[in-house]
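Below you will find the structure I want to go over with you.
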């Protein structure tokens, strides 16, 4: 009953086997191996165009490197107040941009409000020397609240940004979960909606340690190989990343894994919302649930060995008001979550309610 | 016949199996998994003390993070002119120190000359505001020339550095190969010789992607967790690193692997030096050979499918003078190099001489 | 009728004469001249202790260098949402800290609310690797709203910060104006209230280009000379700064200048508040007024040649609600503002009301 | 008898008067004052084109900001081993480029050798990810040895750099002294010879604290205003810089000052070379002399109160071999050096020889 995070489990068996199979023989180092080539070809298919893709081992690197490619030191990155890049990466974007400023934008349920974005940008008239210069917009899909932007919403925000000359980044740590929930193509949810650079996550959804930074406009990646190398994010035995990503993508494996995780989240949501006193904080569409649990329910679950994080009351524009007897928690499912786990969790909750 | 680099092969079977075995079940993320704990315990044994160890996926990260922990932005890192950190990491040390300066020190065969170190330090009198401030010394063991410092030499250089208040770093990308060649203990070749921070490599010697940054003085690591996180070098599924390192160390596996690689290098050296016209550039003690090959020999080897790098004439203080008909090459063996590979290589060379 | 800023005028005659008088003869460069020594001695007197003082030419440098001395790259600087360091220095603090994060704290009228500071700090539990680490608190005295902290308020905020191990910085670009308004000693308003590092402004109050970074704890300044040099903020002809600062301080000249500026602001306030429809946004205590002007008044003043800035509606916790017919403006007086200027301004306003 | 440096004196009387005259009245802040406009217009005349010019208070800032405008963090700046930017600015170029690497190039008498530049660039083949990327070339005119490049030499080095896509910077801290020694136009010695960005010094030659960063290609200055602001190098009372620079340039004042300084150096050279045992280390063409003094001569001069620096034996490719009884010293004249000072110095030297 581990709902703490989708990074608490290992790799999917298929990804693991690919790692194993890729081990033998000599391969060129630093990403020139055949597995990385294969993974890049698969990404071209997935995004229906020739992409510039770079593989790294962590989501923090993926985000920070991407932002560093599109934001100068005197630039500003606009993102949601609750964005992971702003709060949970110990200043990695600041390091990789050599000191740019992240500026929080409002919006309920973890999603940037277009009017708020327009408004905050209007406070940065062009050429004002005393201010940092708007350089990029970063969207999280799925958001920190487990909510999703639909393609039209992404396009609207991207258009606002592009009008001001900003590049648009997507933090897609849970891209797959969002994609299968929305039911569009990967290209539609990114490139075609105006995303310029995508941090495409695989680790949380079945890889062991593999993310891709994907540029749809090659020009923006002109110096990216150096930026990766300089940051220590070019693996010598690059097959380690290439093999994971290739296996992750091949035959739609990544979508199957995400569907599994999302299904478990839906089952969990269905079960929990029937438990008296349990309420959801946000509309659950991917593999993350945020719920208010009555304290006895929380206590019973903990006692039963369930693992999950209490979620700080950060004013995310929730759909509910927390009662004094409520605990706000985050529950995350993964491809490895079993239906039994979900049943046991719901049952323990029900028993205590 | 791949002698291009020791990162051209995958992981040792035992390391790979450990990765496989570590995949199941939920584990705390970010290095708090049981495998990482086990690996840290093994490092304590290897270095005969309580160390502060952090696992990362690349050698560049390992070096740059270590230097960033002991060098302020206004500091100077002293290293050999030919050091990997100075020439082959695209400025990673500069990035991780926020702009420190690397200062090249002289010395033949890739080894810093103590007199040269003393001399260059004397040019940095304390408190001279217009100069960067001496902060650290970085030694490579094995060196870029495949040569080794013995423990006394390390201790002498470290003492010079400590006298001036510098911290001492060792780039141990090939620590294991050096160690078994010298025949001392790991503690003797590092901590006891005055090393403060060790970049302990495993990737080139049997891991897939795993290095450890090891602090013998915990105080120097006070902010290191943040520095790693901020650089995107904390893996979420930390078991990936912990499992590799634990398997690498357990039962002296790492030493066995290094002995294998070194034995192949010795066989290669024995064979090649008997080929007319082939001469070694440096005393070979680990798993790297630098040799001058007559052009016909080089051509024949390439034709036979051998892979290795031509080595630029960088004036490393070689034991030989290159003839106009010579090609200087680097040959690297690994744990996966077979005796057959060596025999085939030598035989092809002999045939052309 | 220039009320745009206190940096629109030149130096006070006395400061200018000192510059002139200091021009002759040879003096050691880089701050070792006799004028800088004299200025440091005067600062010791003013702050009633031995301070470590460094002179620079701009307020941005003074703030950013000070923050860089007390905040590591992975650190957080807590400051008011409207702080000059956060909004008006194009990211200088981020540059000088090599990428630290500025975190805005709430509080009405430009002043940090102690409860808000406590609350936000509680969201940064010690040792949380994914978060930047609380390192410093920066207070502006006077604030961006022209309001002041009294000594007890400074002490309360400093104590909260010190309890969490943060160093406390004061942006004293208008230190003198605040000091004479409050009526305490310079030491009471800084060192004795818990300030660790003070950016002590002189430029806005009579110097041409001179600010001092003052450390009350010498240990925090250990590397500061290097940090200044490396940032290009050590003037070769250091007498230029030393002579200004010495003349500024000698005989209480700086306090006289500030009293002049504040008196003009008081006269302006008195006059304006009698004009029908004109209302003050904040309690005016130094040399800055923020007022809501009826549009016809604003138009008449502009027509009469008055210069001042319209102030963006940034939700500063004002004492008033802006009417649709109101313009919020900032009016700044300086030592060079004449009583006639004030009278003419008020008269023009009155004529239009 | 102060020959320590050309920054040991104050401003020229004419520059000082201009500062005085510029003090009255209100002027727009941050470089939009009428004096700065006038100074920019004069620079356009001097360089015979529309330049983008920015005024700062120190030479270190001027150099580091210029390099930061043309060198990315993963870039390399090529400069002479003895360049001021490499040795005497405490890492300012590294800070302002966010971590670029300075790479020393050989050449006798402080001047980069074209063959050495070509050779070192050949070691950086395009697109090698493990290496920093060649981005800029920095030439010092006059050099650290007091020698000069003639226009053809500058053009040759600039052409080599441009062929590889590097931008070319000139550290012109003593631009005026070089210019009048060579006898060409300012445009010929910079723009027309291929310089892209010029750090144009005034402080050492008559200003109090004023340097200009001059871009001949406006595109390279696109973000420069932000880079300056962010570094704390935009003075609020910008007239302070504008007035100095305007007075410095008007009516060829700057050239007159440089001619004065150079004439004194020539007189000093003439006198000293007639003193038995005194030998010059480099061909003196501007206002710096490097001489070997017999120890008794050195002692007598010191006793007579002469101030000058002993110059470390840094192997500058001197024209002489130092005897064991010799002291290598640097002697610098300025516009304020009197003929009497020179005579007294020579006479004291002669007396001891």
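Read from first to last, the chains carry the letters A, B, C and D; within each, the first residue is number 1.
One rule holds in what follows: a residue touches a chain if its C-beta (ideal position, glycine included) is under 8 Å from a C-beta of that chain, and two chains touch if they have at least 3 such contacts.
Worth saying up front: this structure is predicted, and the values here are computed from it rather than measured.
Note on interfaces B-C and C-D: more C-beta pairs are in contact across C-D. In this assembly, A is the chain whose CA centroid lies farthest from the centroid of subunit D.
Rounded to whole angstrom, the centroid-to-centroid distance between subunit B and subunit D, based on C-alpha atoms, equals 41 Å. With centres set at the average Cα position, the gap from subunit B to subunit C is 51 Å. Subunit C and subunit D have centres, each the mean of its CA atoms, that are 35 Å apart. Contact with two or more other chains is made by residues 73-74, 89-91, 95, 98-99, 129-130, 132-133, 226, 229-230, 234 of subunit B.
Interface of subunit D with subunit A (complex): residues 30, 72-74, 98-99, 127, 129-130, 132-133, 223, 225-227, 229-230, 234. Residues of subunit A touching subunit C in their complex: 73-74, 87-91, 94-95, 97-102, 123, 129-133, 312.
Of all residues in subunit D, those touching subunit C in their complex are 2, 4-5, 7-11, 16, 19-20, 22-29, 56-62, 64-65, 89-92, 94-96, 203-204, 208-209, 226, 229-237, 239-240, 307.
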